[in-house]
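Next come two complexes, and both contain chain A; in the first it sits with chain B, in the second with chain C.
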Partner chain A sequence: MKEWGYKISTPRVIDLDKADTARYAKLVEEVPSVKKCIMCGACSATCTASNHTDFSFRQCHLLFRRGQVVNLSVELDKCMLCGKCKIVCPQGVNTRAIISTMRIILSDMNNRNTPL
Partner chain B sequence: MSGKNIIIIGGGPAGLEAAYHLALHDYSVTLIEKETETGGHIRKDLKLFPDFTDASEVRKELSDKMMHPNIDLKTGICVTELFQEGLKWVVKCDNGSSFISDAVLLATGFETFDATRKEELGYGIYDNVITSVEFEGKLKEGKILTSSGRVPQRIAFLNCVGSRDEKVGNLYCSRVCCINGVKLAISFKEMVPDAEAYCFYIDMRMTGQHYEELYRTSQEKYGVTYIRGRISEAAATFDNRIQLKSEDTLACLPLKMAVDMLVLMVGMEASKSTRILSAQNGIPGEYGFAAGSGINFRDNLTIKAGLFLAGTCKRPLSFQETIADAGAAAVQMMDYLKDEK
Partner chain C sequence: MNFHPLVIPFLAGTVFLLIMISLKYIKWIRLLDANQSATIKKNILTFKTVQAINEIFHESLLHRKIYKRNRLLGYMHMSLAFGWFLMIVVGKIESSFYYGTFLDKPWLGIFFKYFARTPHHYFMIIPFSFIMDLLLLVTLSGVMLAILKRIRSTFLGIKKTTNHILLDRIALTSLWWIFPLRLLAESSTAELTGNGSFLTGTVGHLLSTLPVHQLELPLWWAYSICIGIFFIALPFSRYMHIPTEIVLIFLRKWGAQAGEVQSGFTDIQLNTCSRCGLCIDACQMNFAADINHIQPVYFIRDTRYHHLSKEVADNCLLCGRCVEACPVGLELTVIRQQVRHKSEIQGNNYFEYNGAIENTKKADIVYFAGCMSQLTPTIIISMKKIFEEAGVSYWFMDEEKGLCCGRPLRQQGYLQQSKDLVSKNTQLIHSSGAKMLVTSCPICYQSFKNEYSLDIPVMHHSDYIGLLMKENKLNLEQSDIEMVYHDPCELGRGSGVYDQPRHVLQSIGNLTAVDFEKEKSLCCGGSLSNMVIDSDSRQKIRDNTLEVLTKSRPDVLVTACPLCKKTFAQNNTTKIMDIAEIVAANLKNKIKASKSIN
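== the complex of A and B ==
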């Protein structure tokens, strides 16, 4: 089997018919300012972690919003919670709280091993 | 009376507003409208962006202004020929009538883009793919229903249909579709609060006053979801819903979803009358719109003395911009007629 040159690739498409948006609804409840995000990327531009890793807060937040949470906890661990993103955000989004809340929601999910 | 006659071609917001200002200053105005009633495209609207004014209110204000005794309203006739004869302008209509005046204002407006030209979006093929104009019509009727009579639980609005699109020959941005999409999404969410509304965009161009605020309100208060990416194709599912394919360009991932209804935010194109009448007089312009004789100044003037422009015959404009432009055109016509004794 090792010689076989083909494998089944997992789809990488966002399927909004299957995506679980309950986690994002929970995030909105906890940090309402998340709804004000206009995806400008100022957070990622100033991010200390982004300067050394491929971490992008903007993208993590968007993937969470679209229900794409596979490997997301690993990504979020790259954040050092310095809070620079919160200072530069032009919309007053509580970015730091978003990171912490996403971590909590995702770890709850991992521990219980059940969807929220 | 000033003794000067003015003909205005087009009874939409631009023509009506300009007619009123000129009438107030004692010019004798003949306003020619091809439809049987005036008001132009706002006749189809329920509410206006960005403050949700009832479109009927502004229609009433404009039609009340037409009661001015200096305005002679001619509806249901279409201008077929426009030319200069000495210092006078001659207007000939499809019913055989003709008019002579000292100056003419072209207020021939726009037409919405014919969405069947974007075949991949399924308009004219699938019943649940409709245009923004048709969606507004449903709002006006007071019920949004799919072709099978169900209340849609999920609607997608697609911006830039017929705009920013070289393949259909329109490189320009129609400017009002973004904010109009925000308005329609909010109107839909007000009608069906539990439903989902998605807006697909390339850039959200919130250029007018209060547009950005309304865009934020749509997200904060109404939970409208914005996805940056153009829908590349729409197809029907077995149960007559619409399957969409796009890219979420901010997530850098392809995206697919099924919706109950797809609304195409159709852009503005030059109207047939604008194309014909400006061509007859050698008025230059891009994309069929008529160009003023200057960009920074003299935007309401043309290369022909006595022929003026107002509103969306020049380029896409919002209702509010059209009204302001009509006033500007009226002033410039008065300037011209004052000199020309």
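== the complex of A and C ==
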């Protein structure tokens, strides 16, 4: 075929029917208040870490919910757990617990270390 | 006659107990970390060992600390522990006199009355019998109190006591039965041989209506079996605290300290918990929010038996009230943080800290407001005003793009990430060339003080304001305003700053004392340490604390922590102010507000 100089891009559509929601279900079980999130973004606006990085709680939450977890653990490690987001949240979402639980779920850490 | 098969249960239990304790001791000592072993080796041959023995006498036998807290409970524990201890010691001396040798068979002291039946008058028979009966009576009174405590704990001034597991109940029951059985066994022998004193003799007479001849041997057997069961259950139950507390006191006196991660020292602390449950009444999660399964007694137990759930470990405010209440002085908050350690998901350092800029102008003071103060801008404005009024040159480290101090990460067990923040912040602080670090947040204050190794002093602003007043750099206007002061957990119990804020407030208005203050102060409920608790429970804790604090209807409730202020302010029936705000509002020669806000 003749070289056109153009090609068909890979589709960027996110098929939510095919999304893996098992991890999100586990998160809801551990931190039920995640369901109260209205995605207002107050958390991301106040975030201490966003002064230095492109970290956004709202984005991480959305990606996790859709099962798009590639590289998400790298993103989550940017959080300093300082707790400002939790205090400003108008819905009382336990944001810090969500971050920590997402980290644990993503690293498949099921057992915490027990005494020696 | 100096042997009978009835001593076999006692002997078997004793041998088993000694083997188990030795194995456990060896395991713990081997698991101590290098720092702890080094400190212990350095101090083992010093005067500290003598001090430790003194403390063991006072705490493990007399239970002075429990006695000071609750007299009846202290008496109960002392009568059981010291009473039984003396019964063993005096019994041994008595049998040594009787048999004329100190090297008599070890069980002869325990079953003395059974074996020493010949009614010849050995040296000091009357005083010995009297002392032994008295000790038995004292111990029995302790058992009675213990049973009463189990039936209704409020009799002994305890609202809620521990919910014990089956193994503890078995050990507990066998312990309780030892002493009444001993009384009955000795009384029956006394009735037959006439070797009893005021207690066993009298009870023996009462027993005379029964067939004492047939009863005597079964009673002694039951006594021996109860001791045997208790000794076999001891290493696996709460009663392991008896031999472990002694080790803990020695190690503590020799300077061993709990590290960041678990070690043999942690195991020793876990085994020292006697599950007395004094931490339950101290815990606000219990009395304010009705959460009853996470208290240190259960947390320590679950950790010891290796079935700790994540929820129990994480659902704690780390306020430290339990540490104050613990009669054996366990480092409960430290152990909780050790257990939270998430070694498997340490995470790499993805921070770039582009925004955190080093200082360029010269300053005497580094001011670090902290993340929480960023949400209470009036505290920051007030601090700026105070700095200007005092004419101090300062560098506001996190005015634009500050970092977190690292303590929240550390409390949740992300040690490596926390250390990354520590090193970056240390670099920034040292770049300023300042002579002192002042922070507005007690969480940051504790972090800078304990987890950083800075070469400049660190002060919380409440303390710093006191210093400025002492140097006559601040003059405050006295009024008749009524105030109460709330001790933030991290500033009070965490760092021991109690009096300085009170001195400052006394030069502003009238400070009224509250029911729970200083070491006993309550948590506001906003603690960052707990990531599990839901907002309803937090509100219950907050409202309970507010109720206590505002009982005297003060004009202002003063605190020294932005997070406490933020938490209280969500239910503002009383005016809530930070100490910096009230100082700034009461400055003489006020600088115009606009200038300081700018």
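In the analysis below, the second predicted complex is superposed on the first by the 96 of 116 C-alpha atoms of A that agree within 3 Å, B and C clash if a C-alpha of one lies under 4 Å from a C-alpha of the other, contacts with A are read in each partner's own complex, and residues count from 1 in each chain.
We take it that a contact is a pair of C-beta atoms (placed from the backbone, for glycine too) under 8 Å apart; a residue touches a chain by one contact, two chains touch by 3 or more.
For clarity, every value in this text was computed on a predicted model and none was experimentally measured.
Novice: Chain B versus chain C on the shared chain A, clash or fit?
Specialist: Taken together on chain A, chain C would fit alongside chain B, as the superposition shows.
Novice: Please indicate which partner A:40 is in contact with in the superposed arrangement: first for chain B, second for chain C, both, or neither.
Specialist: The answer is neither, since A:40 touches no partner chain.
Novice: For A:48, using the defined touch cut-off, is the partner it touches chain B, chain C, both, or neither? Pick first, second, both or neither.
Specialist: second
Novice: Chain B or chain C: which reaches more residues on chain A?
Specialist: Comparing touch counts on chain A for chain B and chain C gives C.
Novice: Which holds for A:107: it touches chain B only (first), chain C only (second), both, or neither?
Specialist: Second partner only.
Novice: When the two structures are overlaid on chain A, which partner does A:87 contact: first (chain B), second (chain C), both, or neither?
Specialist: A:87 sits against chain C, while chain B stays out of touch.
Novice: Taking the superposition as given, does A:74 touch the first partner, chain B, the second, chain C, both, or neither?
Specialist: Only chain C is touched by A:74; chain B is not.
Novice: Of the partners chain B and chain C, which touch A:22 in the superposed model: first, second, both, neither?
Specialist: neither
Novice: I want to verify one number: the closest Cα approach of chain B to chain C after the superposition, in Å.
Specialist: Superposed on chain A, the two chains' closest C-alpha atoms are separated by 15 Å.
Novice: For chain C, which residues are in contact with chain A within the complex?
Specialist: Per the touch definition, chain C meets chain A at residues 31, 262-264, 266-267, 270, 303-304, 306, 308, 310, 313, 339-345, 347-356, 371-372, 374-375, 400-404, 406, 408-409, 412, 414, 417, 421, 526, 528, 531-532, 534-535, 563, 566.
Novice: Enumerate the contact residues on chain A facing chain C in the complex.
Specialist: 33, 46, 48-49, 51-53, 73-74, 76-78, 80-84, 87-88, 92, 94, 96-97, 100, 103-104, 107, 109, 112-116
Novice: Going by the contact rule set out above, which residues of chain B touch chain A in the complex?
Specialist: Of all residues in chain B, those touching chain A are 216, 219-220, 223, 228, 248, 250-258.
Novice: How about chain A: which of its residues touch chain B in the complex?
Specialist: So the residues of chain A touching chain B come out as 12-17, 32, 35-36, 39, 58-59, 62-63, 66, 68.
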